[in-house]
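There are two complexes below, and they share subunit A, which is joined by subunit B in the first and by subunit C in the second.
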Partner chain A sequence: MLNSVPNKEKEKALAFSFLKRNGNVKQRENRLTFLIFVAPILLLFTLLFIVPLVQGIYYAFTDWDAVNPVLNFVGLKNFVKIFTIDSNFIPAMGRTFYFVIFNVFLSNIIGMLFAIAFTNDFRFNNIFRSMIFIPNVISMVIGGFIWQFMFLKVMPQAAANNSLLGFLDQSWLSDSNIVMFSIVIVSLWQGLGFMMTIFIAGLLGIDGSLIEAGTIDGASGWQSFWKIKLPAVLPTVAVGAFMNIAGSFKIFDTVFSLTNGGPGRSSEVAMLEIYREAYAYKNFGYASAKAVLLALVIIIFTIIQLKLTSDKEGY
Partner chain B sequence: MKKTSKLIAAILMVVMLFSMVACSPAAPAAEEPAATTEAAVTPEPAAEPMEFDMIYTKDDIATPMAEMVAAFQAENPNITAKVEVLGANSDQVIQSRDAAGDLPDVFPVYNIGAGGLDSWIKAGKIQDISSLKAFQALPQTEKDQVTGADGKAYSLVLSTTAFPVLYNKDLFAKAGITAVPRTFDEMKVVCEKLKAAGITPFGVGAKDGWTVSNQIWRAGLDYAFPKQWNADRYAGKASFMDYGKDIFPYLDLVLANSNTKVLDTDYMTQLALMAEGKVAMLNQGPWAYTNIMGMSPEMKDTFGAFPIPFGNTASRNKMYTQQELAFVVSSKANLEAVDAFFSFMVTGNGKDIFGKGFNVQNPYGIAIAGNPVLTDIQSYIDKGEYMFDFQDNNRSTDFFMVDWTLMQEYIGGKKTQDQVLVAMDKAWDEAQAKMK
Partner chain C sequence: MKAKTIKSALLTIVMGIIALLWIIPVYYLVINAFKPLKDVVIRTGAFPTTLFLQNFIDVWKMTDYPLLFANSFIITSCSVALIVLFSSMAGYKLARSSGKVANLTILYFLVALVIPFQSIMIPLVKLMSQLHLANSKIGIIILYTALQSPMSIYLYYGAVKCISPSLEESATIDGAGPIRTFFSIIFPLLSPMTSTIVILNTLWLWNDFLLPLVLISDATKKTIPLGTSALMFGSFMNKWNLGITSILLATIPMLVVYLVLQKYIVKGITEGSVKG
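And then the complex of A and B:
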């Protein structure tokens, strides 16, 4: 087992040896074949990903308005404006953080609970899994309309018909104090199935002999989960959390279809603010600066999260 | 494994970064601004084949527009007109086509004032249309609205619309109301009478912020603020505080006499309230009548319209009108061909199709078949009791969102009148600072 890492390195070195500049005829042929296979997708990747990426970053330093073909380089002016005169973006980032914190924690915790529940053997297990996963394949534009109906019609009606459900009669989408929480609810509804599926895959991948050994040693169900299953599934949690953090920072469609940032700006998140800056106000250069800033924030948080979880993973 | 994780993380970060910053449309080619107006305007001999392409957004006139184009082509066989309707997504299509170097010859704009057209003018992408026969046929008020200090005009209004109060005549009669209110105090009496008859006076759909910020606040600006105010505000010599409070009494009256949970009520629900006879009035435009007819066609003769009574001087409470469909002409377009088409529509043999087919309020004096709402609106225009928007079109392009959000905050009790007006001043200054 201890020798596996050097062996892997050797295997990797062997596998890519044909890429070395010098080599025998066979290796050169391999290199050519490799390039022939890789070149088309590399070209597409460069055209469709790298070039727009570089362009987007470049626009952040210009005053481009999407109409005038003449771009003026403005240096860091756009970034300075964000912190000096813009009264909307920083509050929008604040609301985004609020959403990220609640959404990431709740979707991981609840997703894990569902995963644990649905890895137990019981009848209709798959039906329940499917029911929870289905919202994940529904467009959030549609989901937004479904939940508008839920919040505005179904819940008040349910509250009116049953006094026990009186708490449902809230101004879910029009009270600026709770509208962000309503968005979290809808986002959980949509995203839980995906998180649950990832966690189920992680839980099912745990070596049964470990749990069996724990049981023989007298571990309770809780201890078995906390000491064996959770550490074993932590790499999966890390991947789930990573995707969830990035996705949560980029929340857009749910807000757009559910509240359009209202009432007022009380649910205007960063991506919606950037979208409006670009497409409603036509300040594409300035909007690109905001997008770059948001991307940096996501990268920083993702690095922190990866660092924390990889330490816990112990490798 | 650690290295692999880092590699995966790095790749995902790059992809993520892309998804953040690559939301912009394709880059424009780094080219010089398009040729100046003079170059493109040069008329060609009439017999020479000419062509132009045009897109517009009013899909409800698609059929008569096709008829119009066919009639035009029959009369002008040397001019090929490619006219396409795009509906609500025209803005994105225009941007995409512009980015691809394929800007349509004629395309619609929503904000015809300096604020809305500045970018196009500075980029040299649209041309002066003041020489068009259709432009010359406009009333002086409409011409003045879009003519700059240099005498050039860049947008041509084809149809106009209005922001009146729509009312249900049957419910008014049921409440014993015999005349529409022309002053604020009369409106208060009308509300009391309606409530006494068990009828909710107003339907408000503030979840869609524009239903308040456009239909009340925007109209109110032209009622309350003098024409010079905009220029003074740009010069930093004026404030929303100067006249803004004159709009709030009417807004408060509407909110105090409306359906419940207005911030949970959207535009379509607002219309449904009217269509079901649950409310007697809406602050909406004639398009709302068309939508309501889709819900309750049997009510086609039930509705009417009158100007919003912001104050107690009836003569000041004019019908607010603004452009509905306005066009600009690309610098590369053949202006002669465009001129021929527009003059055919509004002054030539296309007038019949315009009047009967388009059936839209217009500044060219073309009689329309009309509906009761349009007929009422037109009656005020005919009497000269109307105002054509001069405030909103000269503000920065992002201000509509400011009005929208602040109205919702006011309705939600998050901001007082003073705070709303201060926030508008601040947003104005911010918009100006952003452009520097």
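And then the complex of A and C:
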């Protein structure tokens, strides 16, 4: 009885040390697995994303260009120049904002109208849906070329051959007042199928019993849309809208192939201006400063989008 | 009942007209690719009168289409395979770890979802040439893997959280190592997410333009969008018959993939965007 106490303690200690040793092995194994599973992509990502990200911010404060191989730190000079002397970047940002506003508004509104139509039951519903989705799988740069052909050849000829289609004969790509709107048309053609699809998913995800309860309470189709469907689908709309905003600010491919910024600079969007500053004029430091500014705008909208997505997941 | 029939008939007509309008550009591409230059310019809207195939023969040779296709195919398929491999492993391990390191790592990858490619582009081009990875297919594949994986890691991370850990625990008791456990038990369970990730990345990478534009100048390494656009600004300028045909050839691969796998593609894109 008396001896049993130290024995028990000894046993306990033994058991404990066994557990501890086991835990250590397990921990070491766990760390090794972590290294095998996570480290390769972590290193690759750091080297090819984080390193250039930090470099890019640094370059924004230098005078790096093709002429001068030595980088000099110039402080805020590049940023001051953007807002004072530079006559290209701010107008390019303005055009980008114009595009974003029209593109986002129209693709959300029209996308929602299409989605509402397609959630009804009618013949060929699926075929029509997939026809509208087709441009989404075409590369945007190719989409721009397709529409160059539409605007320059197909539409003027259709207008000439049929007086009813006379309105198609516009200087779509050569009138500086119309050209940004032509870009919106191409962008809608390519992007609406996507917006429509996520809205359909949102509308179909609504709890059917809610709508049923509304109908029993005497809600008309229109009322049930405004009071029940719209509030329920709003989180999806918000996510889609902000994703669309962030994406629209990045517009480059479509403009590159459709107008290449013309006529003059009247469709030169922010990303095209940055691309030219870097690769046509080789002002890499200065172009980096512009890229940092554009990135800041995109980051704000992306963060809002991610926050809305996680809020939505929280439901 | 009658009102309902009228409504659905109306919807068929209205949405049918809209859907036709949507694919009109594709129709004009197809009919004009089979016409000589004169007919393309003068009678753009007319149906071809003869089966004129010379455009395809010329464009096939001038663009070196098989080479462009092979480049796009190799770059896209290898990148997607590596993205799936790395991001499924990382997403799995991060979802199953609860320490501070794992949480910080996930936040670290989140940076990639917020920062646009445009802000790293200029330094990246310099860095890639310093690493001798510019102008090389392997370089582009490695780069796509690095840039696209974070998004997929998130999607896998979420999917793994929905799988009960008891499955792996019993495999571990049976003596399987972590790598074998992952590939024989977890990875097959993740296949719905894998198909979403494969679809999303295939579409993005196949159609990507800006990254190849700044990193590939060697004509033998160009992808379909890049090679096509180079000729549209070059030899095909004002030669609409050839331009139209090369655009059509550039559109065909993804169009065929879409028509065959439509259901999965729409589902993949919807899930990827709503969850991501």
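FYI, the second predicted complex is superposed on the first by the 258 of 315 C-alpha atoms of A that agree within 3 Å, B and C clash if a C-alpha of one lies under 4 Å from a C-alpha of the other, contacts with A are read in each partner's own complex, and residues count from 1 in each chain.
In this text, a residue touches a chain if its C-beta (ideal position, glycine included) is under 8 Å from a C-beta of that chain, and two chains touch if they have at least 3 such contacts.
Note that this is a predicted model, so its numbers are computed, not measured.
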Determine, under the contact definition given at the top, whether A:Met195 touches first (subunit B), second (subunit C), both, or neither.
neither
Looking only at subunit A, is it subunit B or subunit C that touches more of its residues?
C
Taking the superposition as given, does A:Asp65 touch the first partner, subunit B, the second, subunit C, both, or neither?
first
Considering only the touch criterion stated at the top, classify A:Leu173 as touching first (subunit B), second (subunit C), both, or neither.
first
Quick one: classify A:Val292 as touching subunit B (first), subunit C (second), both or neither.
both
So, A:Asp86: does it touch subunit B (first), subunit C (second), both, or neither?
first
Contact-wise, after the overlay, does A:Phe133 reach subunit B, subunit C, both or neither (first, second, both, neither)?
second
Regarding the shared-chain residue A:Gly262, is it in contact with subunit B (first), subunit C (second), both, or neither?
first
A:Gly56 in the overlay: touching subunit B, subunit C, both, or neither? Say first, second, both or neither.
both
In the superposed arrangement, which partner chain does A:Ile274 touch: subunit B (first), subunit C (second), both, or neither?
both
Of the residues on subunit A, which ones does subunit B touch that subunit C also touches?
49-50, 52-53, 55-56, 59, 246, 250, 274-275, 278-279, 284, 287-288, 291-292, 294-295, 298-299, 302-303, 306
Taking the touch rule as given, give the residues of subunit B at its contact with subunit A in the complex, in rising order.
1-2, 5, 9, 12-25, 27-33, 91-92, 95, 98-99, 119-120, 122-123, 125, 206-207, 209, 261, 263-264, 397-398, 400-401, 405-406, 408-409, 411-412, 414-415, 426-427, 430, 433-434
Quick check on the complex: what are the subunit C residues that touch subunit A?
7-9, 11-12, 14-16, 18-20, 22-23, 25-26, 28-29, 32, 40-41, 43-45, 86-87, 89-90, 92-94, 97, 101-102, 105, 108-124, 126-127, 142-143, 145-147, 149-150, 153, 178-179, 182, 203, 206-210, 214, 224-225, 228-229, 232-233, 240, 243-244, 247, 250-251, 254-255, 257-258, 262, 265-266, 269-270, 273-276
Taking the complex as given, what residues does subunit A use to touch subunit C?
29-30, 33-34, 36-38, 40-42, 44-45, 47-53, 55-56, 59, 114, 117-118, 120-125, 127-142, 145-147, 149-150, 153-154, 157-158, 161, 189, 193-194, 197-198, 201, 236, 239-240, 243, 246, 249-250, 252-253, 256-257, 260, 271, 274-275, 278-279, 284, 287-288, 291-292, 294-295, 298-299, 302-303, 306, 309, 313
Which residues of subunit A touch subunit B once you look at their complex with the stated criterion?
49-50, 52-53, 55-57, 59-60, 64-71, 81, 85-87, 152, 171, 173-176, 242, 246, 250, 261-266, 268, 274-276, 278-284, 286-288, 291-292, 294-295, 298-299, 302-303, 306, 310, 315
